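There are two complexes below, and they share subunit A, which is joined by subunit B in the first and by subunit C in the second.
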Partner chain A sequence: MAAGDTSTLPRRELLGRASALAGLVVSFAPGMRLIDLAAAKPDGEAASAEVRWGMLVDTTRCVSGCDACVNACATEHGLEMTDRPEIDAQWIRKVDLIDEDSGKEISLPVMCQHCEDAPCVAVCPTGASFRREDGIVLVNQHTCIGCRYCMMACPYKARSFIHINLTGQRTHSPRGKGTVESCTFCVHRVDRDREPACVEACTAAGHQALLFGDLSDNEGELAQRLGEVQTQQLRSDLGTNPGVHYHGL
Partner chain B sequence: MNNTGYHVAPAQGFWLFVLILVPMVIAALWSAHQMDTAGHAITGMNNQVVWGLPHVFAVFLILCASGALNPASLSTVFGRTRYAPIARLSGVFAICLLVGGLVVLVLDLGRPDRLQVAITTYNFRSIFAWNVFGYTGFIVIVGVYLACSMDNAPRGAVKTAGYVAFAWRILLTSGTGAIFGVLVAREGYDAAILVPLFVATSFALGTAIFLIGLVLSFRWNGQVPDPEVLTKLGRLLAIFVLVVLCLVAVQTLTSLYGGRERGVVEFLLFSGGVYPVLFWLGQVGLGSILPLMLLYSRRARGCASILTASVLVMVGGLCQLYVLIIGGQVYPLRIFPGYRSSSSFFDGVVADYAPTLWEVLLGVGGVAMAVLLCLVAMRTLPLLPRALPLKPGTLVRDP
Partner chain C sequence: MGSVWRLLPLIMLTGVLPWSVIADEPIFPRARGERCVEPVGVMRRAHFEFLNHQGQQTVERGIRIGRHSLAGCVGCHAARDQNADWVPVSAPGQFCDSCHSYAAVRIDCFSCHRAVPEADRAMGN
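Up next is the complex of A and B:
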């Protein structure tokens, strides 16, 4: 028998290899875990410019009075409400709209729009507000000086300043008094190939009003849906090119 | 150092001023400490109005600083030798006022302990970052100008420093105006005219505060300033006030005509509660019309009138900046044109803002610090020109 000719492996060795393979599969069950590990971005690897994360908000599916996305965000990032709503941090909020002409009522969530040309990034004096290569706009909590200029510049009122001392922060959501923060698109989840908490909660609630994905992947579900339905970006006249698109406005 | 023709302010009264001003500065530092430990929750600021009264005072002092350099610029750049004796005072006032404004700005940061980050890490796309260079550069350039003029430097060096300082101060106030002018999302700000408006406002406020400082510092020394200088600076003040009024009128009418900003202009001028009152009564009435009457009226044309007009212009300036900075924020953002909006984050509604005592202490403390620095400078450096003695029992001598 020629060395390396597996077609003629002795029965004992063949069984051994097969059982080892089976054990490997069983140890990673369910199979999703294998896929997770393959797709997740390894720690230390930079975000890729070949991806642009974005979201489609289907307002025709968003239910007025449903706060599943807001609650999921608060739980995920440890956002606690106080008795002074004007100073509470809100990374995502439900907005109720009434068309001034037709009287049509719409309910939709508003969060950081993760703009391509983000005004918050442009005005930040220290560069603490920054945009990752994959389009996610974040605040570096270590270099934010709390000047709030980004809040003045944001056209979507998407940022919050922390007015009080915080305790019990989540390890994946560094937050602190005197700095500005906003929706991170749950970057800690996205880097592990998971959806943002708000999207997951909306789907779990049975509404499926939020669809998250890669805007630059033409074969992906998000890009496909954007091609099928009429959508618009908030204040598109400002030329910020948000990553969040709305259908039904 | 060339002391000919100049003297240091007397010790008499100095410590009394220090005793009054130091507690105000300490109160400001205490206020900042409270804001730093308890958070900005103790202020009236919130997630809708993120820049409050401290910013009004900070911008006010920064504009005053730039404008206080007027007499020095008139002397060095425009060759008006009449102002040469008070050019030093002008430069020192400018630096001290700017420092006062910057102290308020820094202490109002969410993380003032990260000041070293602000001065070592820059995003050069940010107008704010440009302004950091603008502020520090202004202090250095005016400092060099003062050093040249006090140290018998060649006339060419003084003139060069004066020219650079003049150009820099225009850039500085342009940059301060641009901080608001580039905010495209906010209808109350997004206007290029804010840049010349801020430059003109700095001319008016700076001239007004310099006139007050000039008269009071001479009075402290038992002297009286050159009456002709007072009269001419008073006339300049009137012109600057008119220019500011004109620019405000142009901005307002353009906004009303254009339509997009009509809502915010109507709010600030007519329906916005305290803001129309501050605009019409404070900025236009007390801060512009009344000073113009005092400065142009033949009967009232005197030092007391000039001094009163200067105080009124400063009151008007504070009102103007309050309406612009706070009023521009309380008016809701138009995220959904064509829709009425409401949310738990106060979308679509006018935000509430009432400054707390902490903010007042911080803002006023910044002014106190500027005045204190001016007094210390006058007490330690030969800044005051030898001038005519003051008649006993009078505040100033009418020209």
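Up next is the complex of A and C:
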């Protein structure tokens, strides 16, 4: 998703042109294509299982003390901090780790890992906790009853419960008392072909520790990078197959 | 109901009891858009089915087009007060509240959804 050499063209326009061209090349008839294009979906199309959104966190680039991603998330989703930190929403948090033997220090953001086999989805009694076709794990707050089983089940402590009445929510990020919430991978942006706010902020801060993209697109920057560097998933022993991968742990 | 007696001759002549006499109709601020996305009668009856359907499409499947978005309703129907500040559509006497109070149906949308327009409307909902 990084702009790269194509920064002069808006990505949507570029994709539009690319897909128009590809459509010419490989189409027999309207609506028929030999090869499915690895492009972001148009607004009017449903999220597709052809795509699996994921992220690579490069902890060698992540800077201790920098919380640009956390702040960007809070602004994007209208997460306001209260004077009771124990009830504040944490969609993304910065964690600093020290290896006691070597003294090596690393800093990394932890957010919803968007698991393929998500424990939060498995335990939800109403189906409110669900995984979209394209791999993004969400809470449907229309059906969430606030039981918080998902919060107990999540190995990453990625979810928050809203304890108080809220006002001033953002239009694209409805949230309300009595429901559970977590990182949405900025699904409202992704559906419109934009990067999550944390990724944008990390790049703007000059760190480029976060790379967002389609894990199923072998030609894509994310999959390419995952092929080049050694990465780990958090608690991979649990077999949840997170969409978020970490380099340098 | 006192006015019914004043209108009695008219009612006897026409056999019709004017609706506005039976009860005060909800009064709410004028919408800003040119016209609603559906005919008014359809909207009055089915707005929640539209909203529910589009909400599901958006949340579960990520389909973000369609003209029945709650953000769209708020965009046209929110009014400004004398200080030019937005008034929530769910506030007393405003678009949503006026009918819902009249019909005694509680609205639950705005405990989560924003009830006033946002500058960045491009993101939609």
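Some points to look at:
Methods note: the second predicted complex is superposed on the first by the 205 of 249 C-alpha atoms of A that agree within 3 Å, B and C clash if a C-alpha of one lies under 4 Å from a C-alpha of the other, contacts with A are read in each partner's own complex, and residues count from 1 in each chain.
Here is the rule we use: contacts are C-beta pairs under 8 Å (C-beta built on N, C-alpha and C of every residue); 3 or more make two chains touch, one makes a residue touch a chain.
Fair warning: this is a prediction, and the values are worked out from it, not measured in the lab.
Look at A:V180: by the touch rule set out above, it reaches subunit B but stays clear of subunit C.
After overlaying the two complexes on the shared chain, residue contacts for A:R192 are found with subunit C alone; subunit B is out of touch. Applying the stated contact rule after C-alpha superposition, one finds that A:C147 touches subunit B and leaves subunit C untouched. When the shared chain is aligned, subunit B comes close enough to touch A:L238, but subunit C does not.
In the superposed model, A:T171 lies in contact with subunit C only, and not with subunit B. After superposition on the shared chain, subunit A has more residues touched by B, the comparison being subunit B against subunit C. With the contact threshold set out at the top, residues 165, 177, 179 of subunit A are in contact with subunit B in one structure and with subunit C in the other.
Across the interface of their complex, subunit A is touched by residues 36, 38-41, 45-48, 50-51, 109-112, 114-115, 117-118, 121-123, 125-129, 132, 179, 182-186, 329, 333, 335-336, 338-347, 351-352 of subunit B.
Of all residues in subunit A, those touching subunit B in their complex are 84-90, 93-101, 106, 110, 119, 121-127, 143-149, 151-157, 159-165, 177-180, 234-235, 238, 249.
Interface residues of subunit A facing subunit C in the complex, by the touch rule stated above, are 41, 43-47, 130, 132-134, 138, 140-142, 165-166, 168-172, 174-177, 179, 187-189, 191-192. Subunit C meets subunit A in the complex at residues 55-57, 59-66, 71, 74, 111-114, 117-118, 120-121, 123-125.
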